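As written, the chain order gives the labels A, B and C, with residue 1 at the start of each chain.
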Amino acid sequence: MEAVHVTSFVGYVYPNETVIAWTILIAVYPYLTGLVAGASSVSVLYTGSGLKEFKPVSRLALLAALGFMLTVPIVLLSHLGHPERALGAMITPNFTSAFSMFGYFAMLYTFILFLEIWFEFRAYNVMQARASTGLKRLFYRTITLFDDDTSAASLAFDHRWLKRIVIFSILGAHGLHGYVGFVFSSLKSREWWSSELTIVIFVISAIVSGLAAVMLMYIVVSAYKKRPADQACLRGLAFYLMIFAIFTLFLEGVEFVSLLYKGKEGIELIIEYVMGPMFFRFFVAQFLVGAVVPIMILLGIWWYKPAGKKLIIAAALASTLSLMQVFMMRYNVVIGGQEISKTMRGYLQYQVPLFGVEGALAAVAAVIFALGLTYIFVKILSMGFEDENIGVSARHTTP
Amino acid sequence: MNSAFSRCEKKEGTSQHELGLDEQSRRRFIAQVLGSSMLLVTLPSLSSTLFGRGLKDAEIQATKLAYLEKYSPPGYDPFAHQWAYGIDAYKCIGCNQCMTACKIENGLPGHPSINNRWIERYTKLAGESHVRVDSVTDPGNIAVSDPNNFVYRFDDRYADANVEYSFFVPKMCNHCHDPVCTQVCPKSATFKTPDGAVLVDEDRCIGCLYCKQACPYGARYLRPIPARPDGVTRVAGKCTWCWHRLTKGQIPACVGICPREALIFGDLNDATSDISRWIKAHGRELLVLKPDMGTHPSVKYIGINEEVR
Amino acid sequence: MIRKIKTPRYALRLVTLIVLAVVVFFGGLRLFVPEGSKLTGTYDAKSLLYIAAAPVAYRGEQSCGTVNCHESVYWKWKEGAHGSNGVQSKCEVCHGPQGDHPAIVKKLPKVRGDGDIVGLCLNCHQRLSARSSTGQPQITPQEHPYPHQGKLLCTQCHDPHSPRLGKPTKSTDKTDDRAARQARVPQIAGIEALAAQCVACHGASGRGGFAPALAEQPRKKLMDALLKFKSGKLTSAMMNPIAAKLDDNDIVLLANYFGKK
C-alpha cells in the first residue's frame, strides 16, 4: 500500500477530496498544448500570412511546436495510474467522454504538423542527402522517401501544399488546445471550471504563451550564436504579444468578475479562497506581475520603439513574465479548481511537493524535455540556422 | 447499448400526458431535435446516442440474451432487478458501522481519505449563519478514531454549545440514472449495469481520475489496494452496492450491518421489497442530493434539510 | 489562378505511406476490441464476472443461531435489547466480519478492531447532539451513572448480548420453547432437500448405507471432512464433486443435521 498524500483543508470538504487527483503535471499539460498552439500560430504568421518580419522565427516556432507536442502525451501518460492501458482509450473510446477523442485529435494534429514540417524541409533534406555520405545519407534519403527531386516544379508543388496544410495546422493546433479547455470546462461538478469562457481564454492565452516562448527562444538562441536578433522581428512579436496579452487580461478579468457578480451558491467561499491562499498566485502572479507589468513593458516597446540592447532586455523580460502568467493561469485553473471543494463549504490547501512524479521538478523536467526535443529537431533539420534560406517557404514567399 | 435499454424502459413508464405534450407538438419537437441533430451528427458524442436510440426491440432482445448467456454471474440476471437505496437520516446515529463494514468488505485501507461511504454531521449553532459540517477526515474526529483498526467515531465537540439542530447524513455513491462519471470515462471502464449499479472495470481502468473530477458527490478515489486478490492498484474505486454480494443473493454490507435500520436497500421491480415499501411510505419526503446536477440519483434520502449537499 | 503542376513521385510515395499507416493502425486497433465490448457497444461485459467474484467478508447473522452453533447466545441476543425493536446491533457489529467462519474454525474475537470495549459501546451510546434522542440509551461517559470511566468496563455490569440492567433476560434453557424458536429462525431454504441427497448413500437419517454412517459422529468431524472434500485435501471421486457444490452455510447445516446432537 502506498502512502496517501493528504491535503489539509479549511471548512468542510468531502473526505475523498482531500487527496488531490490532478497535480502539477496536469497543469503542465494545457501549458504545453498552449505553447504548441501559440508556436504554430507564430510560424503561420510567416508561412501563411507572409509577414516577412517573422521569417527568422518561423521555422524555429514550427520545430518548437513539434517538440512540445511530442512531450504532451509523455506528460499525460506519466500522470496516469496505468499508462500501459492508455491505448485502450483509442480501442474502445467512450464517445460521450470529452477526453476519449484526445488521443485521436492529438494524433491527427501531430500528423498535420509532421506533414507541414516535411514539406517545409523536404528540399533542404534532399540537399543534405546529396552532400553527405554513409548513414547520414541513408537517414536523409529515408526521410525524403528516396526521391531527390528539387526541380522548380517540385518546389512549387511543395509550396502550394504547404499553404493548404497550414490552414489545417492552425485549425488543428487551436482546435486541440480549445479541446483541452473543454476537458476542464465541460465538468459541471466544479464551479471554477464550468465556464464557457474557459475555452476562449485557453486559446487566447495560448497565443500569448506561444509568442512569448518563441520570442524568448529567439533571443536566447541569438545571444548564444553571438548574432544580433532581428529588431523588426522582435518588435513585431512584441506588438502581437501586447495585443493578445491585453485580450487575455480582459477575458480573465471578465470571467472572474462575472463569477463574483452572479454570486451563486458558495461565492463566499470562493471569495475567501481567492483572497486567502490564492491571493498571491491569482492577483499578484497571474494578474499584476504576469499580465499588467508585461503589458506596460510591451506598450513601452510599441510607443518608444527602443533599439539594440534595450529592446532585447525589455522583450526578454516581457516574454518571461508572460510565460509565467500563462503557467500560473493553467496552475490556478487546474489546481485551484480542485482546491475549491465540491461541497462549496470549504477549500483545500495543496502544497506542491518538490520530488516525485507529482513534484515541481517533474514539471520542470517535462519543459526541459520539450526544449531538448526542439533542439534535436533544429539540429537535424536546419543545422542551427546556419543558412537563412533553407526551407521551401524561404524561397517561395507570397507574391 | 445499456443506456438504450434503460431509456426504453423509461419511455414506457412516461406517458405523453406526463410530458405535457400532445401528439402534434411532440412530433414537431422530435423533428426539430432531429433537424438540429443533423447539423451535429458528425459529433461523436451525438452519433453514439443516435446509434443507441436506433436499436430495434428485436435487436435489444438479442443483445440482452447474448449478454445474459455469456457474461452474467452464475445464478444472477442483471436484467431482472432495478436496485435502489434509501437513507433514513432520522434514524442514523452516526455510529460509523456502515463505513467500517464497507471498508472491510471491499478491501479498502483504513485511511480516512479513501472511502466508499462516510457519515457527515450537520450542526447549526444558535446565532450562526452557516451550518458546521464535519466527517471522518476532520482532525477532531480522527483524534478519537482508530483508522488502522477501522474504528471511526465522532467527537463530542458540541457538548457545551447551544445547538439549534444537528443530525447525521450517510453519504455514498448515488448510482445516478445519468451518471457523470460514466459519461466522462474515456474508455468506458466505468459503466452502469442493467440492474442500476455503477461499477468500475478494474482490468481496463487507466487511472486518469477524470471520473473523480466529474463526480459531484466526491464518491470516487484512487485505489491503493486491489479489490480482488488478483486485481491491481491505482485504478478508480467507488461504491458498488457490494455487487459481488448482490449476485450471491445478499444485501450490501452497510445495509446488513446498520444497527438502526437507517439504510434501506432493495429491488424496485419487486413491490414487496423493503425499498419499494419504504418509497411508498415516504414518497412525499424523498429528496436526492444536488438535483441541479441532473444526475437523477438512485439513492433517496429522508430526514435531511436544504443545507445538505 | 492555379497553375497545373505535375504530381511528383515523392508525393505519391507519401500518400501511399499515409494510407498504409492509417490502415495498419486502425485495423490493428480493431483487433484488440474485447468481446464483451462488442456486445455492449461500450464497456467490457466480462468485467461483471470478475467483479462478482470478489470474496464476501460479512456473512450476516441469519445462520448464527443454528441449532448447536451459537444457539443459546443467539436467542439471548435476539430477545434482549440489542436484538429487537428495530434496534439490531448485529453479531458482526461487535465480533467483526465472519465471512470465512466457520469454514475456517477459529476462536471468535471478543470484539472487533482495537479491542476497546468501552469505545465500541460508545460508538453508539455516547451522547452526541446529532444523535437522535428516541433511539438507544445515550450516556455521557463522565457522568454514567457516576464517573467510573477507566475503572470499570461496560461489560462488567451489562451483558453485551442482553444489555438491559434490572430486567433479567428470559430463560436460555434450550429445551424450553425450542421448537417455537426454531420455527422463527430464518431457515436456510432446502436443508431437507440437501440432506435428501446424502441419505441416498449414507442411509436414512445418515445411519449408514453403502457409504459410512454419519449419525452419532461429532459435528466438527463431519464439518472438517466436508470442508476437506470441498478444498480437495481429501480426495474421493464421489464426494469431491458433491462437496464442491456446497457453500459454508450448507456444510454447517448438514453437519448439524446429521451430527451428534
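Note that a contact is a pair of C-beta atoms (placed from the backbone, for glycine too) under 8 Å apart; a residue touches a chain by one contact, two chains touch by 3 or more.
Keep in mind it's a predicted model, so treat the numbers as computed, not measured.
Novice: Higher C-beta contact count, B-C or A-C?
Specialist: Answer by contact count: B-C.
Novice: Measuring from CA centroids, which chain ends up nearest the centre of the complete protein set?
Specialist: Smallest centre-to-centre distance to the global C-alpha mean: chain B.
Novice: How many angstrom lie between the centres of subunit A and subunit B, each centre taken as the mean Cα position?
Specialist: Each chain's C-alpha centroid was found; their separation is 38 Å.
Novice: Take the average of all CA coordinates in subunit B, do the same for subunit C, and state the distance between these two points in whole angstrom.
Specialist: 23
Novice: Indicate the whole-number Å distance between the mean C-alpha point of subunit A and the mean C-alpha point of subunit C.
Specialist: 54
Novice: Specify, in ascending order, the residues of subunit C that touch 2 or more different other chains.
Specialist: 34, 37, 42, 44
Novice: Which positions in subunit B are in touch with at least two other chains?
Specialist: 48, 188-189, 204
Novice: In subunit A, what residues contact two or more other chains?
Specialist: Each of 88, 92, 94 in subunit A touches at least two other chains.
Novice: Which stretch or stretches of subunit C touch subunit A in the complex?
Specialist: Within the complex, subunit C contacts subunit A at residues 2-3, 5-11, 13-14, 17, 29, 32-34, 37, 42, 44.
Novice: Would you mind writing out the residues of subunit B in touch with subunit C in their complex?
Specialist: Residue list for subunit B touching subunit C: 1-2, 48, 51-52, 63, 66-67, 70-73, 76, 78, 90-97, 100-101, 104-107, 121-123, 146, 149-151, 153-154, 156, 158-159, 161, 163, 166-168, 188-191, 193, 199, 201-204, 227-229, 240, 243-245, 247-248, 250, 253, 256-257, 259-261.
Novice: Which residues of subunit A touch subunit B once you look at their complex with the stated criterion?
Specialist: 1-2, 4, 6, 9, 12-19, 21-22, 79-83, 85-86, 88-89, 92-102, 183, 186-190, 338, 342-345
Novice: Would you tell me which residues of subunit C are touching subunit B in their complex?
Specialist: Listed in rising order, the residues are 34-37, 39-58, 60, 86-90, 92-93, 96-97, 112-114, 116, 119-120, 122-124, 126-132, 135-136, 140.
Novice: Spell out the part of subunit A that touches subunit C in their complex, as residue ranges.
Specialist: For this pair, the touching residues of subunit A are 88, 90-92, 94, 118, 122, 144-147, 149, 151, 153-154, 156-157, 160-161.
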